[in-house]
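Quick one: structure below, then a few questions.
The letters A, B, C and D name the chains in turn, as written, and every chain counts its residues from 1.
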Amino acid sequence: MLTALIAIPAVGALLVALLPKGRDALAKQVALGVTLVVAVLSIVMAVQFDPNGKRFQFTEKYWWIKQFGVHYAVGVDGVALVLILLSTILVPLVVLASWNDADRSGGVDAPPKRSVKTYFALLLALEAMMVGVFAATDVFLFYVFFEAMLIPVYFIIGSYGGPQRSYAAVKFLLYSLFGGLLMLAAVIGLYVVSANAGHGTFLFDELRAPEILHHISPTTAKWLFLGFFIAFAIKAPLVPFHTWLPDAAGQAPAGAAVLIVGVLDKVGTFGMLRFCLELFPGASKWFTPVVLTLSVIGIVYGAVLAIGQVDIKRLIAYTSVSHFGFITLGIFAMTSSGQSGATLYMVNHGFSTGALFLLAGFMISRRGSARIDAYGGVQKVAPLLAGTFLVAGLSGLSLPGLSSFVSEFMVLVGTFSRYKVPAVIATVGIILAAIYILWMYQRTMNGPTAEAVKGMKDLSKRELIVVAPIIAIIVALGFYPKPVLDAINPSVKQTLIQVHQQDPKPTVAEKGSHQ
Amino acid sequence: MTTMNAVLAAGGPELHPQAAEGVQSVAWLLIALPLAGAAILLLSGRRTDKWGHLLGTAMSLGAFVVGVLAFFQMLGQHADGRSRLVHLFPFISAGSLKVDMNLLVDPLSISFVLLITGVGSLIHIYSIGYMSHDPDRRRFFAYLNLFVAAMLLLVLADNYVGLYIGWEGVGLASYLLIGFWQHKPSAATAAKKAFIVNRVGDFGLSVAIMVMFATFGSLSYQDVFGQASQASQGTITAIGLLLLLGACGKSAQLPLQSWLLDAMEGPTPVSALIHAATMVTAGVYLIVRSHAIYELSPDARLLVTIVGVATLLAGAIIGCAKDDIKKALAGSTMSQIGYMVLAAGLGRPGYVFAIAHLIAHGFFKAGMFLGAGSVMHAMNDDVNMRKFGGLRKVMPITFATFGLGYLAIIGFPGLSGWWTKDGIIDAAFEKGGTSGQILGWLALIGAGITAYYMSRLMFMTFFGEPRWDEDVHPHESPKVMTVPLILLAIGSVAGGAFLILGDRFAKFLAPVVGEPEASHRLITPYTAIVFALMVVGVGLAYVQYLRRPVPRTAPAGNPAVTFARKDLYGDALNESLLMRPGQWLTRLTVFFDNRGVDGVVNGLAAFIGGTSGRVRRVQTGFVRSYALSMFVGAALVVGALFLVRI
Amino acid sequence: MTGAVAAGAHQTGESAIFWILAIVSVGAALGMILTRKAVHSALMLAAVMFSLAVLYAVNEAPFLAFVQVIVYTGAVLMLFLFVVMIIGVSSTDSLVETIKGQRVAAAIVGIAFAVLLFVGFGHATLPKTAGLKDANANGGNVMGLARLIFTKYVFAFEVTSALLITAALGAMVLAHRERLRPKPTQKQLSKERIKSDRVSPLPPPGTYARHNAVDMPALLPDGSISELSVSPVIARRRTGDHEDLHGASPEVVAHEGAKTVKAVIEKPVEVEEEEQ
Amino acid sequence: MTGHYLVLSAILFTIGGIGVLIRRNAIVVFMCVELMLNATNLAFVSFARMHGSLDGQIIAFFVMVVAAAEVVVGLAIIMTIFRSRKSSSVDDANLLKY
């Protein structure tokens, strides 16, 4: 099942790429078709997934490179399932959203400078690798997908992006490659360690087993942890390594920006949750204070930067830097509600920021400029666009009743029960979130209608079909997150058992037990 | 007189809600109806323009009917069987954090439900007339319904998370409604400001929730209040203060009061519903609902009273200097809520009076706002009182209803204001000790100032000779607007007596806030003083605004007057302390991020480029220099060989 | 001479030879790198090679000694001389150093390298020389060498043969000059000649001059020297002045010749009227 | 005695090396290289004698062969450079640089 999920988009990408030159419309339809098939398949898989069954389900394992001991091993636990669902749902919407983004690569009315079908082929390839990276349970396979993902994104940003696209694309690639190389060193180190402790392996289950963990001396564990952690910190932009995100997301076409921020960055946090914590429990506990300070700085720093931006897409990018601070805060708080909240946050952030980027993309494709002061009073001219933008924005500032609130609340409550001060500082983030979203909304949507915006059309049917499901999901998860949480909780419990952390008991109960 | 603390030591009543049945089991309908209304109106788009507003009003009335039925069912139940739990669905469950979305129907929440749906429905009816010619009427009614739904969720939730959802939902509704006329930049800024200041309050509330979870392990009222006595004093005080911060944000109390006066940008029904009757009282509801916590920490309670009194005086002073009728009423709302917070901070007896005053205030303040709305409607939306005058002949019904509201608020004996506000002042004095005295006297002075500015408002608007502009010819508002005014006037007259007489409301709230220790004595030594101060206030206003002609343009006042006109420099303070440094901070961090972090990255790239440029020069092209390097290499190899070998 | 030396060289004879040849070879080597003219350094190299040949002989390697003399000095060095001849035997290098600090660095590195080697050899404990008596036993040095080459090193032997062939081929290819333009045909030459400003052939050297040596320039009718009459290669080679048989320098001789020729030219020419 | 031969070969080798570095005429540089090769041949031969096996001489023999091939190609290159640039100085051929 999982291999099918990876193979179909890959084959689809090939198919779309090999279509005859002029047939752009056909390319789009094929791409949409393939992504829809994948979406349906993943939903079927999700339904069949039994939350309290084995941790890894739908597992497949074949020898890949026998000499290195590398398997093609795929399997899905709660967290991976939920993230795969996120990506397989987002991609068709992105394909639909950027229906004619690629056509305008040559300027508004000029014939498309760049071939439309490559754009869609790249999107499909990206989807294949996204599913692959979440499904991989072999560290080496995970690494391969982790690096392979960069290529399609590089080309998408590079040839279909905004004015400084080449700078942004190269910066994105170099940043992630640098991280990737560190991770490669750590992966090899892992193999060597497992070789000393018996037979060398990359399989995640074997690596997290106690007999290998005892063989890793604390210092090597710290170094290996660092290797993995920096790669993931770059991918999910933690503060010092975040400068590539605003450029990449700012210059990428809206659809790609959704995938970059919505799914690609989740690989970083997913990696932290599964690989950093589970393979090196001691080291992660040792590094927790550092990570917490970084995430708290990230929250406040990202939010303050977002307030000061003049470009819509960069602003949204900086908001997700702040949101990623929350996610890493939740992960490294190591309480069950914190980590489940963090995982749920990944899903919610994917949808809410995805919606924000898509709508920003629609606005920019209409007006042509991404600057906030190029708009004004759009609410009067395009009420539907403004309304959906407001809902997406509100889910961005995690208004209760919408999905992000549930996860942010769980992260904050989970973090507070163990680390008081970071949680309180992080809560300041919700005030800053209100400021940057509403101020941006006011400058673009409210007030008298600016001249240039007068002729702006409201959301077309196609665009509505794109945004409506996301808004529906945001509201639905806001009121009833239980199904997603049921899938996430067992695997989070496993992680916590691995990290030998229990939830801190409420002080009352403790006092009660003392008397 | 038994001291207050002795009584409280016994701790609040044990809260053991049983499962709800009968009408109360469908209490979720209360929230669902307006929510469905809002959803239908928002999603349907243009098609429902024609009958949209009727659907909205119907939904609100439906909720009111369900509320009344539940209320009567509750009256039928035995006293301590009155708090009922309605299980809805498990909301969040992750390891130790388990939050279920349940509704708690008990006397406190049912009284709020009645107030919200009752006053809310009246305002819906009023808005039919008020917004009849507004193109976006459908969206207005959608937002009103959304607000009612959120407010009901706030009061009905049985845990702090549900309360928090309602809390922010109400903040969102007020944002949408204040900024309803979005094309006006001032409205948009006011809406944003309201939301952000509310968010600061919500920060306090969410941190309180976190502390509660860390301390009690659960967030439902039952568990929190049940285990409250076991928690350490420091934690309890912390929770109390944080809840107070949340309450201040929402009820526009002193530190976070700047948004209330700007919120008048929204349409008048909004000001009436949200910024008079319901939303601003949410803070008082939070304090009264968490009475178990406040009873356990005296200094938290003390701070609540201090904030209450401070806001009371500030609101009153601001009310005196405002020429805009709505801003004056907003100032008075702020000061009346100050009274309620003061009462809530006084402990057991205070709760009853706080809620009673809240309900009474809900009636007469909403009535006055709607009255002001119909006055504005008549003076084609002009709010400057200096251009009114002599309207009593032209708009008799509005004058009559507004007058009754006025008499109620200044505490004219017999009307509801007198019952509830004097009760609060009396409770303040009874608190005993120096703090009791100070609170009591300040409350008294506040009552006097209230009488002054309300009379000023009455005289400037309805009495004296007309100072209208030429093109203005006021007329009475249509029936659909005056009927709610009349109903509210009746409520503001009878409300107080109905609640306080014979401690009816006290007994009603007993299961929630505990038995009142002494029945309320009507005539206390302070009643006379209150009456005297009232008369002085009215007289002063009479002298200043009825004897002498009111100038059409605001005269340049002395520093005190400008101090009041500038809302006690609240805005200036916020701007200089928070906003300007905030802007500087953002500009600085953006610069730092672009130059600093990015600088490092680009710098690194440039450095590598530079060094490679220099290293390139080593390739001189001369064969002999290459030969030299080869020879040096050979020498090094030989040296290394010897080094290793020897 | 080689047999005696190889068979019974006892200590003193060999060291004597060694010391003489060592001094000779080092001196020649130094001379080679310091002389200005390339030919002299070639000769110096030949001296070194001869002394080495003798040393080989002393070291019981008669075959190598002869190969050194015949192949190495005879062929390779001669090849050097050929190239020196072609490239410019007379071109003297100015010993002024162009690359900054090259000479100093070369000296330092050279000395350091030498010191390193000497220290190395000094410390090395060399076993007693076993001498090649038994190795050359059956059939002498050449037979021994041949036996080894065609058993143990036969593969290397074949590879070197291939190397030599490729080297020869390479040299031929490198030295061969590809004609960039097709060989001009007679037709083209005559066409160019007509087009060029000088149709008449160039005066061969020595025309009207006192004698017709190959580097003596011809005289033009007006008495001036025709530069084109002497081939450029030779012209460049003119080292000293060309002493005319009677002690006058060629210019003087050319000048008198020019006077006589002018006289003949200015003489009025009776022009037979051509019957039209 | 072998030590003496080795020292002699080291001296000749170093002189050859320095010659390569100092002289600018391509042919002289080439001769110095030949000198270095001969120096090594001397060391080979003396080691052969010391070890009492003919291998050293064979290696010396092969060195000569290779040197011959090298000379042929080297001089051909010098010839072509001279023909195109009319100068045999090593420093003139310095186009392949930064």
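By definition in this document, a contact is a pair of C-beta atoms (placed from the backbone, for glycine too) under 8 Å apart; a residue touches a chain by one contact, two chains touch by 3 or more.
Which chain is which protein? Per UniProt: D = NADH-quinone oxidoreductase subunit K.
Note that the structure is a prediction, hence the values are computed from the model and not measured.
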Original post:
So which chains count as neighbours of both chain C and chain D?
Top reply: B
Subject >> Contact distance in steps, from chain A to chain C >> reply: 2
Subject >> Gap in Å, rounded to a whole number, between the CA centres of chain C and chain B >> reply: 107
Original post:
Using mean CA coordinates as chain centres, what's the chain A-chain D distance in Å?
Top reply: 66
**OP:** Report the inter-chain centroid distance for chain B and chain D in whole angstrom, where each centroid is the mean of the CA atoms.
**Re:** 97
Subject >> Intercentroid distance (Cα basis), chain B paired with chain A, Å >> reply: 37
Subject >> chain D, residues touching no fewer than two other chains >> reply: 17, 21, 24, 91
Subject >> In chain C, residues with contacts to at least two other chains >> reply: 99, 102, 105-106, 109-110, 113, 117
Subject >> Junction residues of chain A, two or more chains touched >> reply: none
**OP:** Give the pairs of chains that touch; include all such pairs.
**Re:** A-B, B-C, B-D, C-D
Subject >> Partner chain A, residues of chain B touching it in the complex >> reply: 42, 89-97, 161, 164-165, 167-169, 172, 175, 179, 182-185, 187-189, 191-192, 195-196, 199-200, 202-203, 206-207, 209-211, 213-218, 227, 230-232, 235, 582, 585-587, 589-590, 593, 597-598, 601
**OP:** Within their complex, state which residues of chain B touch chain D.
**Re:** 616-624, 627-628, 631
Original post:
Which of the residues in chain A come into contact with chain B in the complex?
Top reply: 171, 175, 240, 242-243, 301, 304-305, 307-309, 335-337, 340-341, 377, 379-380, 387, 394, 399-401, 405-406, 409-410, 412-414, 416-417, 420, 423-424, 427-428, 430-431, 434-435, 438-439, 442, 445-449, 480-482, 485-486, 488-489, 492-493, 496, 503-509, 511-512
**OP:** Provide the residue numbers of chain D that touch chain C in the complex, in ascending order.
**Re:** 1-8, 10-19, 21-25, 27-28, 30-32, 34-35, 38, 41-42, 45-46, 48-55, 57-58, 60-62, 64-73, 75-80, 82-83, 88-89, 91
Subject >> Touch list for chain D against partner chain B, complex >> reply: 17, 20-21, 24, 29, 90-91, 93-98
